[in-house]
Every structure is written in structure tokens, then in C-alpha cells.
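The same chain A turns up in both complexes below, where it pairs with chain B and then with chain C.
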Partner chain A sequence: MSFSLSETSFDPRTLILLSLCFAILVISFSSLQFLFCLFAFSVCLAALFKVPFVSTMKKMLLIDGFMVLALLSLPFTFASGSFILFLGFPFYWDGLWLAIAILLKANSIFLCFTALMGRMGLAEFAHALAHLNVPSSFVQILLFMVRYIDVLKLELQRMLRAMKCRGFRYSTSWHCWKSIGHLIGMLFVRSIERAEQILIAMKCRGFTGTFPLLHHFHYSMKDTALVSTFIAFLIVFLSIGFLLDGSFLKGGI
Partner chain B sequence: MHIMDGIVTSPLLAGATIIAVGAVGYGLKRVAPEDIPKIALLAAAFFVASVIRLPIGPTSAHLMLTGLLGLVLGPAIFPALLASLMMQTFIFGFGGITVLGLNLLNMSLPGFVAFLIFMPLLRNELFKEKSGLDASQFLKFFALSSKTRIFIIGFCAGSFAVFGSLLMVALSLALSGQEFFAIAKFMILANLPLAFIEGLVVGVIVQFLTSLKGEIFEVNSFHQTRSLRTSSELSS
Partner chain C sequence: MVDAYFTLRSISFRRSKQSPLFQGLNFEVLPNDQIGVIGGNGAGKTSLFHLMMGLLLPQAGDVFAFGQVCRNEKDFVPVRSQVGYLFQNSDDQLFCPTVEEDVSFGPLNLGMSHKEAREITSKTLNELGLSGFEKRITHHLSGGEKKLVALASILAMNPKVLLLDEPTNNLDDEAYKRLTDILKSLNISKVIISHDREFLSDLTEKTYRLEAGQLHLE
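Take a look at the complex of A and B:
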């Protein structure tokens, strides 16, 4: 029998808190060796939790694409340490290391979150937040958004399609901006009207302003096992960080 | 305009997170239970509308709409934007969790300040209320019609919010180290046309909303928390 972490269900609260601890650890140190360790750890996590490879890679490439564009300038602007001339411009090695460090940090955090929380739906996440004593009104906002975002998306697509049928085309012109303004205005009007209907419907069902929490998560032995292993690893990384970096929280980079 | 994980220094990150928590708490305090669906749906509409990509010359950009959201939601812009940033983090994996507080502040604070500055002017136009800030007299000086004045207020709120966010992102980058100056400067310059166009579009939207559904700007007009009437109160 093959054991797989992905099939065992953990308490979502545990997963959220562990991911947060990991993220804080990642941004606390900046030596490259340390970051490579953490990146390797998050890759292992992703493998253990059987993260879907293709879709995760796609998302990661998308994020990295954005970042690489922004980080490309770093080796040329980070004016310290030794440099070589690259096409007539000074190319600083420190800037390159900095760019790699930032990439590693972002990717480790992304992978860890995908591994631990990727299977969790937004609704479950909101539910877990409610159990973590996040104010109820915020959780309700989040839940209503999750519920109605697709409705509004369809509404917007419908209106856009109607506009296109009437011959609307995107352009850099006052006409286009005005039409888009009216489109978004209409979207806001419809969402407000929808909200009024929702409120009335909820009142009819006896809504008192709070969502009662009926389902409770259970913190089980599996969670204890996960937490203790995870924390043990984090402590090891913390000491590695101290050894390599000298001080805790000496600043992002 | 989102800042990624690992760029900003930890003290700045910690400070921004604490301020953001405070701001969200303040916003939530101003929220009556009856307003929750409205806030959530407006936040959802804001989220959905950011899919629209406006062409600007050879490139395209999406609207931020935080100025508009500030006008419509007031202090509730903080929880509303936090919810949409969380959704974005969940769906796209952008931004990252450690910078959530900073990104929230960078986006929502200018929107909220736009609300504080421009809402009295807009109320003046809409409800003929007298408020302390009476710059509309100044606009009347130019013999502009009420419709134009509303457009100008919307334009200012929209561009102000974008420009404010740009400055705040640039400032967070600059505070993180000299080496990010180039990126920060480039970012501001590249987004200046967006601030202008966003102003135009928000101006049109505000004009549209006031003529069609002026009460949309009353969502934020509650200042004391109303409690949801329970069924027993309704029946009595």
C-alpha cells in the first residue's frame, strides 16, 4: 500500500498556520544556501502532497515571467561589489544573487502554499478563517464574494458580448473609454441590485447577521504528526539560517 | 503593481501588516450586517471588472478602480480589498501571502483618502448637503454644469487613487533599498498614462452612477452601526 499525504485530510487550520510559519521563515533570511534548502524542502512538500505538476508549473512560470522582467534590471542597478562589463554596461554579481534570492523566496512560498493549501477550496479557507476567530463580517464578505463572483463574471461577459454585437471595439479613444465606463457602471448597478435582493431573501430566511458555524474541524493525530514534523524541519532551517546569515530578520535582502 | 514576496525588508513588512490589520478592523467596525452583501458584491464587481484590458496605444492595461471603490464603499474598502486580494492570491498565486498587508495598504489607502477628500464634494452635488469642504463653489466659478462637476470629481478621485498607489508602491520599493530605485522610477513613468485614463473612466462611471442610481453612494453614509432587524422586530 502506498502512502500518500494528499489523500489524508488534515485540519485546514493547521495547514494555514503552517504555511504562514513557512512564509515568515523564508523571508527572514537572505543567504542563498539557506534559500536553496528551503526551496528543496518546498519541492519535496509539493511532491509529497502530490501537487498536479502541469497546472502548478504553468502558474509558477506565469509568476516567474512577471518577476524575471522586473528583476532583469537588478544586476545593472545594484551598484556594489565586483562587476563585469556586459555590452558596455556594468553587470554586478551581487545584483544577480539578489535577483536569484528573490526568485527562490517567491517560488518556495508559492510551492509550499500550493502543496498545503492547493486542495483547499476558497469556501473551506473562509470557513477555517472563521474558526481561527477572524471577524465574522469579514468571513461573510469573503463567502459572498466566492458565491457571487461567477454570477457577476457571467453578467459582465453577457454585457460585453452585447456591446460587441452592436459593433463595439477596443481602441484608444474617448468613445471606448466612455463605453467601458458605462459598462462598469452598469455592472456596479446590477451588483448593488443583486445585493438588495440577496439581503431581502436572507432576511426572509431569518438571517440575523451571523453565519452559524455548524461544522467543526477536528484536530487529530494526523495533524499532530504533521505539525511536529513540520516544526522540526522549520527549527532545523532556522538554525541553518542563523549559521549562514548571522542574525534573524536582518531585513528582507 | 503587486509587490512580490521577498523584495521588501522585514521591518517595513511587519509595520505595513500591523497598520493593515488596524485598517481592516476599522473598516469592519463601520460595517453594519445589512451592508455585507452590498460590500461583497461590489468587491466582486471590482474584481471581475479588472479583467477588462483597455488598450493604451500599443500596450494594454487593466483598470484599478480603487478610487471608485473608495467612493462607493468608504472605510469598508479595507475589508473588501483584503477579500479580493485573498481571492487573487488563491486563484492566481500572485502577490504572495507575506506581502498581503503591504499590498492591501498600497491599494486601499489611496482609495480611502480619495473617499475622504472627494466624497464631501460629491455629496454636495448629489444631496445638496452643505459640508465643510466646499470646493464645488470653486468649480461653479467656471460656470460648469452639475454633470461636468460630477465628472471632474470622479476624474480627480480616480486618478488620485492610481497615482497614490503608484507613489506608495514606489516608496515601498525605495525603502527596501537603493537598487530598486530604477524599477520604481520606471514603474511610475510607465503608469502615468494609466492614471489619466483611469481618471477619465472613473469620471464617466461616477457620472453614470449618479444619474442612474445615486443611492449607491449612500452605502458608506452610515456612521453609526445599525443592527439588523431581527424577525421579532419585523413582526412587532
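Take a look at the complex of A and C:
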């Protein structure tokens, strides 16, 4: 019988806690050689959990594209350490290393989260949070969001459709901006009203402020195996980081 | 021969991955036509209106509106300003804080000045017996009032055709009678979707049944 990590069901609580610990570990390192190793680790993790390549790359590019715009200015504004002149502007090496470190951190955490929690449904995630004793109001907000975000989307579409039927078109006029303002405002009003209706309906069925949780998760040997393998491999990758001479990455500058 | 307001010619339409809703559907609305449309739940009555307004586009067949063939969003923009579509749920239609703002939304979209829009708004509200409603909050109106304000908001655009989607749903007797009287007095072509036979026989001259993706004259 073949064993596949991507098809094994682990306790969602284990996956959430592992991801969280990894994220804390990653942000606590600042030297590039360790960050490279942690990034390599998360790439291996993603490969082991068979993360879909194309869609994950698209999401990563989206995040990176956003960050690169902000990070591009970093080497020019760091203003300490050695620099070269680039088109007449000072280009600080330390700023460049910091930008690379930020990119590595973000991508490592993103890959790890996708690998461990990518297959988890939002509802399952919320239930797991509840079992981890996250305050129940946060969990309830998350659960309601999962349930009602589509309802609100449909409401918005219906209103937009009715606006178009009365000749509405997007333009850069005061009338258009005002109308969009009304649309968003009314969406808020409707949401609040709907929320009140839902609360009433829930009270009618005996709701007193706590959600009965149907799912109960079971911590099993599989989870222990996952955690211990995770830690073991993390130590291996970090040891590689120790063995690497930090200066080689910076090309002896 | 008079030009038809709407001509739908052998329309086929299906939502993705569902069985076809319309197959070879034909429909015509002439000036002064008073048409009723009945049909079971999910027969596609509302979708028929959406096709006429260009909110849905057919996979095959042609929609002619006011003599022009309409194939995309751009073609339908001028059509919408000549057709008054009363939604099944008035809440979808009323999105501005006050009645006045909501009723003048359409006229402003037609390019009228604020003064003209304000005039036509109070005139329309007057005609529907809603004078004094200008500053009322749309959200706090009763169901019957919402329906009448929604009707006012489309009449303010001076449409040639009215498309009414189950206008009498959830109305009490008084609001029902008021709406019927107003609709009777309007000298505009109407297409009315309803389950209410009495209401239809009162207001329309012919009734189509929408069944199995086609319209059959009753």
C-alpha cells in the first residue's frame, strides 16, 4: 500500500499549530543562509503535500508582485553600510539583503501554509480554531462569513442589475460616485438587517450565544508522526544553514 | 405595419451545465400590447425579462428591441432607458437612502439636470398618490409603499414598455387595489409575470404560458 501525504487526513489542529510555529520560527531569523534553508524546506513541504503548481505559483506571483513594488525602493533608502552609485543614486547592499530576506520570509510562510492548510475548508478551519480555544466570537464571525459572503455578493449583483435597468453606467461623474456610495451604504444596511433577522431566527431555535460544535477532531498517531518528521527535517535544514558560511551568499562583499 | 417594441426570434438559452431553459423561443411585444406571462416556478419567467433587458445573453437567436438587433451590453444600454423593469423584490430596486434620490436616479442617468429630475420626481410621485414621500427613508417603507415607489422610480424614466415581475406578490388588499388601479390607468405596453389569474385577466388582453422552454398562447 502506498502512502501519500496529500491524501492522509491529519488533525486540523495539528496542521494549524505546525504552520503557526513555522511562521514564528521564520520571522525570528534574520540571516540569509537560514532563510534560504527554511525556504528550501517549505518548497520540499509543498512538493510532498502535492500542492497544485500552477495555481500556487499564480498566487505567489500576486503576493510577490505586490511586495516587489514596495521592496524595490528599499536598497535606495536604507542609508547605511556600503553602497554603489546606480544611475547617480546610492544603492545600498544591506537594503538589498533586507529586501531578499523579506521576500524569502513571506514566500516560505505562504508555501508552508498552502501545503499544510491549503486543502482545509474554511469551515473546518473555523471549527479547529474553536477547539483550540480561540475566542468564540472570532470563530463565529469566520463561520458566518463563510456562510453569508455569497448571499451578500448576490444581493450586490441584484442591486447593480436593477441600477443598470434604469440606465446606470460607470462614468467619472458626481452622479455615478454618489450612486456607488448609495449602493455600498445600502449593502451595509441590508447586511445589518439580515444579521438581525438571522439572530432572531437563531434565538427562536434556542441560541444563547454559544455554537454547539458538531465536529470533534481526533489526535492520532499519524499526527505525532507528522510533527516529529516535521521537526526532524526542520533541524536538518537548519543545520545545513549553520554549515553554510554566510558570507558566500553575499559574494564576499 | 407597426414596428414591434420587442421581437425575440428562436432564442436558445441555458445556464452553464444546466438543461436548456429556452429552446427556439419566439416572443413579440407590439405598441399597446397588454401581455400576461404565467408558468411554474423555475420555468424561466424572470430569465425571459433578463434576456429582454440584456442582463442575460442568449446562446442562439436574436433579440430585437425597438427595431435594432441587440447582441451585447452596449446595444442594450439605450434599450434600458425605454423599458421600465419592475423587479420582483422591490428591495433590489430601491438602493438610495431617500425616496426622492431613488426616483431621480433614473432621470439623472438619462442625462437630465438636477432641476428637471426633481420636477419629474415630484410629478411622478404625485401621480401615484405618493406626494410627501420625497424625504422618506426607502428602507423604512412598508411592502406596498416600496412597490409603489419602485414603480414610480421606473415611471419617472417615461418608459414605452413596462416589464412587471410578479407585481402583486406580498401586497395586502389595499395596496393590491391601488397598484391595479394605477396600472390600469397607465397607457403603456405591459408584460406582466404573475400567478394571479384574476389580476391578469383584469389587466391583460392575452396570456402566454411558459412551458418547456417555449411560450404558448392560452
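Please note the rule applied: the second predicted complex is superposed on the first by the 222 of 253 C-alpha atoms of A that agree within 3 Å, B and C clash if a C-alpha of one lies under 4 Å from a C-alpha of the other, contacts with A are read in each partner's own complex, and residues count from 1 in each chain.
Just so it is clear, contacts are C-beta pairs under 8 Å (C-beta built on N, C-alpha and C of every residue); 3 or more make two chains touch, one makes a residue touch a chain.
The shown structure was predicted, so the numbers you read here are calculated from the model rather than taken from an experiment.
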Partner chain in contact with A:Ser220 - chain B first, chain C second, else both or neither: neither
Chain A residues touched - chain C or chain B, whichever exceeds: B
Chain B versus chain C as contact partner of A:Met159, first or second or both or neither: second
Chain B versus chain C as contact partner of A:Gly185, first or second or both or neither: both
Touched partner set for A:Ser31, first chain B, second chain C, both or neither: neither
Contacts of A:His175 with chain B and chain C, given as first, second, both or neither: second
Which of chain B and chain C A:Ala101 touches, first, second, both or neither: first
Partner chain in contact with A:Thr77 - chain B first, chain C second, else both or neither: first
Intersection of chain A interface sets (partners chain B, chain C): 182-183, 185-186, 189-190
Chain A partner contacts - residues on chain C that touch it in the complex: 53, 55, 77, 80-81, 83, 85, 87, 89, 91-93, 95-97, 101, 105-106, 108-110, 139, 153-154, 157
Residues of chain B defined as touching chain A within the complex: 4-13, 24-25, 28, 31, 33-34, 36-45, 47-49, 51-57, 60, 63, 65, 68, 72, 79-80, 82-84, 86-87, 90, 92-94, 96-98, 176-183, 186, 197, 200-205, 207-209, 212-213, 216, 219, 227-231, 234
Complex interface listing, chain A residues touching chain C: 155, 158-159, 161-169, 175, 179, 182-183, 185-186, 189-190, 193
Residues of chain A touching chain B in the complex: 19-20, 23-24, 26-28, 59-60, 62-63, 66-67, 70, 73-74, 76-79, 95, 98, 101-102, 104-106, 109-110, 113-114, 122, 125, 135, 137-138, 140-146, 148-149, 152-153, 156, 160, 170-172, 174, 176-178, 180-192, 194-196, 198-199, 202-203, 206-210, 249-253
